[in-house]
């Protein structure tokens, strides 16, 4: 992984432009910290708003930041004029999440002209100790996208 | 589906109590409209905050309201002292979502003492016309839960 | 479901022709009993060769007959010159399977020009009593297929 | 991965005993080549019987050898008296498979007392060149198992 070549040298700029329209990402408070060809990392501080009734990170938060990082990881490999949408995402919740910070990593496993297979991981960090809380796979569908 | 018998006659009250601690659900703006043994329905009005960069409902919103309705559907069948957490959720995104309203339905397919298998559907409504945008399956793990 | 219109009136003949090349299906002993637009049913008698070490139907048997029925269900809706391959299949094993007979039903949930979303169910029958042992979802990718 | 400690020093012997009852595995022709705590590898020569109608490895073959290696990988970490059954398996088909040989690797990602999360990969080998054709995840459920 991580040995991919983007078909659009401008991919980092394009992703940064798209982030302004990612309204739900802003509501959640997530931000990208690393944008490479085939690999996206993001993180945010954890707050009460991210919790479910037992005080742990809500599964919807985890799924959301996986969808974002895996989707953008696929997007880094798209040629001009193409975009991606999630066809299927499958998330395994390995551990309950809590702590100060949450980190998501999305990576391309297998690019393609019609579909891109991606993997994702989510970690929480508490007092400097990182714990993996989820693993995921997603099939991203390639779409025509005139605004790119 | 829908032919299940709850093991705790108090399940509706217990779920309503839990909702106050569902902080992420409140951030998203989702609310439950139907609480039955083995079946949960919820909905919310769609706003800009729910969108991704193309103006459609964010995949994270869809995954979140599926996780909530499927998880609570499983919870309706738990005996006193037991709760559920999501082990795996798999979401297929059938159509892009837009409109005035979004509705999620979570149902138990197969209850069990260790795991509960559930299914979910999400619809958007635009000018009174309903369109299915996602289908999902989740494996819920039964946990001991002293606060129930 | 089941309200689909095939784009190739010849779909039943084409599927029957393809069956001769389904070598693994023949090894397993599975056969199709119903071929409709958007819906395929098949079955076989259960024998020792289908078992795992506890005497129940092997998970691989269940996955195989789901893949076959869901794949052909998608194929019934393909226009001339198009085929399908499985991109993702996700199987939930609801109950251990045993009995005299095993039945699989594959159905299209949402057709499309690039991807077809399908669902599947598997039942075993013992002394005339039918029990559902698995539920599945699959994303089928549409491919160009000159031999159709 | 691969850093797991088995709770039963006898696990390799127990797995070899179980293989004799894996009738479907024998029908397919698959065999285990590596049995470690948390990791199982197996392989077989490819023959016509493993093919679907386009001459590639049948998706059911791939799902079967994933289920076997991931299930036994989880089993290596079980204490005496416990076994595992597959609750959910999700397989992504990355490439069509062909060649002389097929290899499956199943590994434990996260063990647990009720559920074990596993990952799997399948490769085909043609003229000495190895190609990955599938990636998978499975949730294995821990069961009481008096015969172990």
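For reference, chains read A, B, C and D in written order, and residue numbers begin at 1 within each chain.
FYI, a contact is a pair of C-beta atoms (placed from the backbone, for glycine too) under 8 Å apart; a residue touches a chain by one contact, two chains touch by 3 or more.
None of these values were measured; they are calculated from a predicted model.
Going by the touch criterion at the top, tell me which pair is linked by more C-beta contacts: B-D or A-D.
Result of the comparison of B-D and A-D: A-D.
Considering only mean CA positions as chain centres, point out the chain farthest from subunit C.
If we average the C-alpha coordinates per chain, A ends up farthest from subunit C.
If you average the Cα atoms of subunit C and of subunit D to get two centres, how far apart are those centres in Å?
One centre to the other, that is 22 Å.
As a quick test, compute the distance in whole Å between the mean CA positions of subunit B and subunit D.
Centre-to-centre distance between subunit B and subunit D: 33 Å.
With chain centres taken as the means of their Cα atoms, state the distance from subunit A to subunit D in Å.
So the centroids are 29 Å from each other.
If I count partner chains per residue in subunit A, which residues reach a count of at least 2?
Answer for subunit A, listing residues that touch two or more other chains: 87-88, 90, 92, 137, 139.
In their complex, what parts of subunit D are in touch with subunit B?
87-88, 90, 114-115, 137, 139, 141
Note which residues of subunit B are touching subunit C in the complex, please.
Touch residues, subunit B against subunit C: 90, 92, 94-95, 109-110, 117, 119, 132, 135, 137, 139.
In the complex, go through subunit D and note every residue touching subunit C.
Touch list, subunit D to subunit C: 18-28, 48-55, 58-61, 63-65, 67-68, 71, 83, 85-93, 96.
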